[in-house]
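As structure tokens, here come the structures.
One chain, chain A, appears in both complexes that follow, with chain B as partner in the first and chain C in the second.
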Partner chain A sequence: MRGYLAVVRATYMIGLVYRFGFLFSIFGNIIYLGVAYFLWRSIYQHSETIRGLTFNETFIYIGLGSAMFILLKTYIDWILHYEIREGIIATYLIKPINLGLYMLSGGLGSLLMSLTAITLPTILLLTFVFKVEFTRGPGLILFPLSLLMAFLISFHIDFFIGLLGFYTDSVWGFGTTKDIIVTVFSGALIPLQFFPDAIRNILLWLPFQAIYHTPLMMVTKPDQAWDILLPMLSVQFLWVVVLFAATQLFYNQAIKVLRIGGG
Partner chain B sequence: MRTPGEYLRLYFLIEALYIKGRMQYRLDFIISSIGMFVSSLATLGIFWVIFDNVPNIAGWTLMEMVFIYAFYMIAISPMQILFDHAWQLRFHVQQGSFIKYYFRPLNMMFYYMSEMFDIKGLTQLAAGIILLIYASIQLNIDWTLARLALLVMTVFSAALVQISIIVAASCATFWVMDSYPVLGLAWKLREFSPYPMTIFDGAFRFTFTYLIPIGFVAFYPSQLFLRPEEVSPLIYFSPILGMGLFAITYWIWTKGVNSYTGTGA
Partner chain C sequence: MSLIHIEDLSKHFKILNRREGLSGAFRDLFSGDYRTVEAVSGISFDIDAGEIVGYIGPNGAGKSTTIKMMTGILKPTGGIIQVNGQVPYDNRIRQAQIMGVVFGQRTQLWWDLPVIESFRILKEIYKVDQKTFDQHMNMFNELVGLQSLYSQQVRTLSLGQRMLCDITASFLHNPQVVFLDEPTIGLDISVKAKIRSVIQELNRERNTTIILTTHDLGDVEALCHRIIIIDKGRILYNGAIKKVTALFGAYRTIKLQIDNFHEGTLQSLKDKLSERFGAEHGIMIAQTEEFWTDVTIDQERTPLSDVLGFVMSAFTVSDVRIVEISMENVVRKVYDGALA
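Now for the complex of A and B:
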């Protein structure tokens, strides 16, 4: 366990080395928030609330969503694929570590990095520059837990795609398609409420909504009853378990086809 | 110095070899094209969802937005197809393999960018053209010869603007180690260009019109065909803007190339 913690710490420290990138990401996020503000303001010209969401709520949703997007983007799929192709993967396999846990630790390190570098500044910006008002409620207490589970779901999907690297060299196509499906179907770009009912009902049955929609709803509509919030959390947990099992099964299969030519 | 004709011949030779090499990975081509296609569809899907709730965005209807988006897809294709190697620049610079581009009697930007020809970008171009035709029919746009000439001219300028922004951003790697966020921001800004610039106020509209002119990638030129009466006379200067920006980008590139000292490896 201590070994994995060292990986978490090391990844965090690597993030700290690149201070320029850190500052520039904050700058980029300010511009993004500005653009999103104008875009949604013009959409809300027509009515005060759309599908039960006010402009203020939608803007919190979109703003935090963009910060979460950087937070949950671990690039594990690209990294894993690169390491399989270059044969670096062998150096992990000869060590007494679990590859999945090792990758997860790296992901956690960059998660903590983005949390301090992107998410907290975004919340401050939303509060002080854009003057949005956060509603208080039990949802806010559940948010950290919900965010952690969102990370685990996102991680396992990325890990699964990365494992495809054992079979194919086409990670660009798979990775991009996966990224698009996740961003659109998870409600990362538009709250799921905006989707036509028939489509939304399908999306709620998919794992993607548990990545962005659930945690973001905890913050935008935190004053809902426990018997609405807790089932949302349980669905997330269920997806964590299902996807964990799926990646483990796939990993055990995929590792068998690995051939590394020399080194 | 080589003549442009020689460069053109060389370019075809290099790309023919590159495409032959890529064709070994046929599955990769198919899957990448699907990825490209899905990512183009995603924005249309977003438009569709938004317009399911509101009648227009700042007075622009869904079909007009589809037209602007189609224009955008065509205008960014040259960057995607011909300048895709810009993304790899930071790896080459950091790992030292960039040094190889100094050793050929060729224009360095030409040599570097020619090493990649993004075949999947052709899918985007084709989808953009089909979408533009579809939107034109729906909007009853009458394509006279003069308008077609105007389209070619504005697409050319818009493509130059987009290429300049991305290549200039990729050059940041010559001066800073972790340049990815610069390119990442340029890439993200690209996604805002199909929206009506009229939704922005003050500093934002100024920036997107004059400083980082993403408005010229899709919205301003599309106005010429959709609502010629609202168009700003600035748009007629867009070829100058496109070429001027490319000249600045080329200057930045040259500066970067000359300051690069290699990694010693």
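Now for the complex of A and C:
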């Protein structure tokens, strides 16, 4: 346990070492928020609400959604892909650690980094620069928990894709396909409310909506009743459990076929 | 009982036969055309606690594959492998606690962080308590003098400094066995010497078993009492280093750049040497790199100066280097029955 915490801490520190990247990502985020503000302002020019969302709610959704996009993108699939290809994976396997937990610790370290570098500044920007009003309600209390679960779901999907590298030596195709599916089907790009009903109803049965749609609903409409919010959280939890089990099973298989080049 | 026991161990890889060109690459997408490569085929040896054993052989001999099986990264295709009485592959996490590994070609330190952070992380990963950690760090400090590097980012270290840090890291949890996979690769003579003395010291102080793979016969001579020579996945020799150095210590390779080199030059060199030194001269001629012709001689049979003088007078030579016998030549000689 202490070992994994040390890895979380180390990954966070690596983020700090590259402090210019840190500063620039805040700067980039300001520009993005500005563009999104004027874009959605003009979309909302002639109507108070679109599909039940006010401009205020949509802008919170889009603003926090972009911050979460950076937060939840673990790149574990690409990292694992690279490390399998280069044989770096060997340096992990000689250590008394579980590869999945080790990778998760690294992911948590970057999660904390981007929380401080992107998410918190975004919330501050939304509140003080764009004068967005956050509605108060139980959803705001559940939001951090929901965010953590969204991270775990995203991590396990990425890790699963990365493990394919043990079989194929390359996860490029899987990775890009997954990225597109997650971005579109999770509501990261456009709120799921804006999808046609038939498609939306299918998407609600997939794990992807639990990554962006669920936590973002918690902040944009936090004044919903507990008995709407808690089932949403339970569905997320269920996906965490299912994906964790699936990845563990897959990991145990994949590690058996592991081969590292060089003799 | 020996610390490491290996019996009839083999490892086969399945490799896709790749076709040439773009259209070949497309056809490979649906190809089931695999061939089996036997990286290690049926090796057996035992290593006792506290030994330093040189595990040598040319590129692609199966050295790293064996090490990866001993460390539990790769699963053997067949045979028995036990380290400290356990099967490494089945108990990878537990076994990792008693092993240390240095891969000379890559680092296990955290590239972007100061050196000391890597040691601290490893301390946590291997559950080393603070007191033991401090003791170890002091010891390494006296031995290697790393303290001045602690605050430096790993990626800014020189290759030699990085290697010393990597070796330190591999000994941090006081493992029973340490695998050093080419620890002196790409280093200059003085750093090599330093690394050799550190390895020797650590082995003496802690009785750590060390398995060293290397291309550098100098490493083996300086450190090991026993060597295992492997080639094409099979063991060629397993025994005292003395026998090997006695045999090859007298060998030197003269590297020559011969002017107007053409296809017949090697043959005419061969003929002229036979003519001058007799049929049983024991001189090996090979072209290992472009423009360079290697003439390997046994100084006990034919004096270096005689051969050099003769070649220089018979051919126009634009450059000469004299080097100790290479790993590849040792292996070739062993193949030809030199140690039998």
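Just so we're on the same page, the second predicted complex is superposed on the first by the 259 of 263 C-alpha atoms of A that agree within 3 Å, B and C clash if a C-alpha of one lies under 4 Å from a C-alpha of the other, contacts with A are read in each partner's own complex, and residues count from 1 in each chain.
One rule holds in what follows: a contact is a pair of C-beta atoms (placed from the backbone, for glycine too) under 8 Å apart; a residue touches a chain by one contact, two chains touch by 3 or more.
Worth saying up front: this structure is predicted, and the values here are computed from it rather than measured.
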Contacts of A:49 with chain B and chain C, given as first, second, both or neither: neither
Contacts of A:174 with chain B and chain C, given as first, second, both or neither: first
Per-residue touch tally on chain A - higher for chain B or for chain C: B
Touched partner set for A:248, first chain B, second chain C, both or neither: neither
Which superposed partner A:127 touches (first chain B, second chain C, both, neither): neither
Touched partner set for A:201, first chain B, second chain C, both or neither: neither
Doubly contacted chain A residues - partners chain C and chain B: 18
Sites on chain A touched by chain B in the complex: 18, 20-21, 24-25, 27-28, 31-32, 34-35, 38-39, 41-43, 45-47, 50-51, 168-170, 172-177, 180-181, 183-184, 189-190, 194-196
In the complex with chain C, residue positions of chain A that touch it: 2-3, 5-7, 10, 13-14, 17-18, 86-88, 90-91, 93-98, 256, 258-260, 262-263
Of chain C, residues touching chain A in the complex: 13, 39, 59-65, 68, 71-75, 92-94, 96-97, 99, 101, 103, 106-108, 110, 112-113, 117, 120-121, 123-127, 153
Contact footprint of chain A on chain B as seen in their complex: 25, 27-28, 30-36, 38-39, 42, 45-46, 49-50, 52-55, 57-58, 120, 176-182, 184-185, 188-189, 192, 195-196, 199-201, 204
